[in-house]
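Same chain, two partners: chain A is paired with chain B first, then with chain C.
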Partner chain A sequence: MPLSVSLSIEGDTTVIELTGELDAKTAPDFHQTIEKAAGHGTSTVEIRMAGVGYMASAGLRSLVFAQQKVANNVTIKVVGAIEPVSRTIRTAGLDRSIVLSDE
Partner chain B sequence: MSETQSEQVLRVDAYPTHEVGGYRVRAGKPFPFGANVVPGGVSFSVFSDQATSMTLVIYKRGEPEPMAELEFPEEFRTGSVFAMTVFGLDHENIEYGYRADGPYDPVTGHRFDARQVLSDPYARLIAGRDVWGVEPDRSRGYQYRSRVCLQDFDWGDDTPLGIPAEDLVVYEAHVRGFTRHPNSQVTAPGTFAGLREKIPYLKELGINCIELLPVFEFDESDNPRSNPETGERLFDYWGYNTVSFFAPKAGYAATGRYGMQGDEFRTLIKDLHAAGIEVILDVVFNHTAEGNEQGPTISFKGLDNATYYMLTPEGYYFNFSGTGNTVNCNHPVVRNYVLDCLRHWVADYHIDGFRFDLAAILGRALDGTPLPNPPLLELLAYDPVLRHTKLIAEAWDAGGLYEVGNFPAYGRWAEWNGKYRDTVRRFLKGDAGVTGELATRIAGSPDLYSSRGTAASVNFLTAHDGFTLADLVSYNDKRNDANGENNNDGANDNNSWNCGAEGPTEDPEINALRTRQMKNAIAILFTSQGIPMLLSGDEVARTQQGNNNTYCQDNELSWFDWDQVDDNAELLRFTREMIAFRKHHRELRSTAHPTGQVRENLGLPDISWHGERAWQPDWSSESRLIAVARCGTGDDDVVYVAMNAHWESHDLELPALPGGRSWHLFADTGAEAPHDIRTPGGEQELDNAGKYLIGPRSVVILVGRTDDPEML
Partner chain C sequence: MTTVTDMAELARSSSLLEVPATVGALGDIAAFVLRLAGRAGLGKGATYRIRLAVDELATNIVMHGYRCGDGRITVRGRSGPGGVQITIEDAAPAFDPVEGRLPPAPGVPPEDRRIGGLGIHLALTSVDEFSYAHRDGRNISTLTVKAEETDRCPPRP
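Let's turn to the complex of A and B:
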């Protein structure tokens, strides 16, 4: 399933919405969007992942990439990830630097 | 040229020239070895001197059977290197290996077997042991699977810290053991990510260098033994049995199952650097996990046995490592392999230095004889990429070569100073006739390192291999039954003393003495010249219940018990303050060995020795008391350390101080906490300026300074 990526700004938050599968083939689109989001200079980058049904290691890599790309004082929020996806993020210890949220 | 234009440059080598097994390929580049992502494909390059043919075997990730077997066309071979670029591979989702065909003739050293799929010696990632302790499927033909790794980590502004060697405070730790205990309270216990969460603890302790036990991929399940008492399976927990030298251990990463171990480890290193902590890796180049002729064929054995291993004239394996085989380190090809490996860890992982296990082997010739001028050691010392890394040798091997003080250093190499360990241990337990040698050891071992300076000496009292500090003062004899070797493993010459009862005791006097002895050890270690190394957990009295060889114990015997941070807060505080004290006093970290020359600024020698009477050290064999005073150029303080291993107290006459200075008390291990130690700068002036009563088996540290700057 292809990945659709959208980018918008809501106040001081840059919102990236992902739908589909985040894997080696689709991750480059996500990367490009992160680059753009990092350039916006908002204090939060919110990644809405409710529509992501599958995340391969390439997806995890994308989140590490996002974390490195934004400034230190920018919060990255992953919102609405389904349990297998959020479990992957937690196991990787990424929940220490990325805020995982249900809503 | 703009980025867009550069992307449009056409490259001839981005297109295939051949088709092999249905895959589009072209000749690869011989260098670099390994699997490297190139435009449109992956370039595979592997060396074998005697192989008659080579086949690249590709698997879809996790599948038991290969998806492709591509024999290298003859024209893709340059010299003894087979190189091929394969197009259209999803590099994240493949595993690969090689089949090498050639002669099978052990007498001449050749063990080719084309039925075996072999790991790439240059593989940057290995799959197959992705999660620690998961029982492997041994029916699979190819266990340790090479994987492709992107080398695109964003290091930001991370640069080497370049901490001068003499300023290091090394902390030797095991990645898994540090946070595996259930009470570690980290998100991913036992992993690089878990260790990363404990950086604040390390920072607060004051260490500025962490030395990690092996992190190259090894197989923790290759230990066939079980605990004879409990039946519990035993592991290769320490990991001194390398499977793959370029790959970080997947089982040490929370993300190993996703192939993210490289990034997770790099993130840890980046954050350690940000906290002011360098990273040294304990590396094991003396042997590999392939063992002797009975051992498994993983990689080198099948690719080029005669090149990689030292062999007897009959084709058997020399065993200077005590573990079955010995890497042929001074063979020109293997030399380059070791160099490439270390360069990889420095360039791609920002590693700050290496400690070489059984490093004396690195100085042996192809037939095993020690070389006067070992080319490998010279090569590493002068290599441009490794130029500013720390190189530390364990300067002995299991073949009987003991080179402490004689290791070919090329101005670069430091050594684990085993003589420091033995001497201080003997002094602490109260042996006669030690004070003279103790003085030499705490002055940076000038007898061993006269031309190399004090930083050539890595001073330690305990390390992973032996008793912990708490056990050193609690056991006369090792208790290794749980290792399943009838207590025959592990060192017997421990110079330990149990303080009056073997093992745990309720006796408050013995327990108080043990605490004092641990403080004495730490006080001596951090006031000695040379690089101090602390074993992880010694600062909180970590015990292994008397087991001095926990190489196979993946359990509470080995793990750092975080409850002890509170339970042994007294010792932790003492250690922290001692580390801070060392940082505060440059004279303790001087690179030059002291000469006794008088410092003009203070009118005192850089080092002076004292006994019960000032200026009158007692070097006789029954003396168990020695005091040292140090002062350095530029420092206006004098540091006086009195060490009393005697079971009786002594009245010390203190040397007189110049220029309005007076003696201030920093530490007295004989005093009850919290009066046992102070914060550097907060020392308390002595009431009776000329005298101090040192208690039995105690260390006293005084600072000679003035609180009034106008008096200087």
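Let's turn to the complex of A and C:
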């Protein structure tokens, strides 16, 4: 099932907006975008996930990849994730290093 | 209280899906599971949990069982008012998911963890019942999610 990924810069924030389903098939598209985002050098990478209806552990791997790609002082925010998606992130313990936010 | 036995009695009809063990087939497996969940009238939460569990195990079979080589995955499903039961079979080397799970380790930074084992952990904590057998050279995992909306995967305190 498809995933659409868009990348933009708003001030000092790189915004990645995801819509669709994030699984083993679609996560490589997210990976590619993360690589581009990491190169922008902004202080925050904001991943908007309100449009993601499903996320498997492949999506967690992408978030870990994002943490590895950005500099230590860059904040990664996941914004608007639906409850099962944010629960998956918390189950993996990634909420200790990624900021989970409703908006 | 609904038991698996009750559910089996309620679910007279079963469905079967056989797909090549490829990442591309994961969508077919998801659609199969969602159809069964719909037929059972599962709520949103339970539907999400059974889909996630089957997806994680199937992804693991593709990536690590067959190591992206040739192979097939057989998925059987039964649904009834009590819930959904899915059996996943493959002929990859023997792998017991219960042995291969990797719960989040408090002392290990997330970026240093094996996410694959975490996927199995997600699968096992998403279902109400799980069993594994290795018979005739085949891995057979059986997953059950009951119709009741119970949160089997609560967030870390």
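Points to keep in mind about this one:
The definition used in the following text is that the second predicted complex is superposed on the first by the 103 of 103 C-alpha atoms of A that agree within 3 Å, B and C clash if a C-alpha of one lies under 4 Å from a C-alpha of the other, contacts with A are read in each partner's own complex, and residues count from 1 in each chain.
Note that in this section a contact is a pair of C-beta atoms (placed from the backbone, for glycine too) under 8 Å apart; a residue touches a chain by one contact, two chains touch by 3 or more.
Note that the structure is a prediction, hence the values are computed from the model and not measured.
With chain A as the common reference, the superposed partners chain B and chain C clash. Chain A is touched at more residues by one of its partners, and among chain B and chain C that partner is C. By the touch criterion stated above, A:48 is placed in contact with neither chain B nor chain C.
When the two complexes are overlaid on their common chain A, residue A:56 makes contact with chain B and with chain C alike. Looking at the shared chain after the overlay, A:77 reaches neither chain B nor chain C.
Shared-chain residue A:31: touches no atom of chain B or chain C. In the superposed model, A:69 makes contact with chain B only, not with chain C.
Once the two complexes are overlaid on the shared chain, A:87 sits against chain C while remaining clear of chain B.
Of the two partner chains placed by the overlay, neither chain B nor chain C lies in contact with A:40.
For chain B, the stretch among 4-12, 58-66, 346-354 or 490-498 that collides with chain C in the superposed model is 58-66.
Comparing which residues of chain A touch chain B with which touch chain C, the overlap comprises 24-25, 56-58, 60-61, 64, 68, 88, 90-93, 95-96.
Partner chain A is touched in their complex by these residues of chain C: 23-24, 26-27, 30, 45, 48-49, 51-52, 55-56, 59, 62-63, 104, 106, 109-111, 113, 115-116, 118-119, 121-122, 125, 153, 155-156.
Residues 1, 23-25, 54, 56-58, 60-61, 64, 67-68, 84, 87-88, 90-97 of chain A are the ones that touch chain C when the two sit in their complex.
Those residues of chain B lying in contact with chain A across their complex are 90-93, 154, 156, 186-188, 191, 193-194, 196-197, 254-255, 258-260, 263-264, 267. Contacts from chain A toward chain B in the complex involve residues 24-25, 56-58, 60-61, 64-65, 68-69, 88, 90-93, 95-96.
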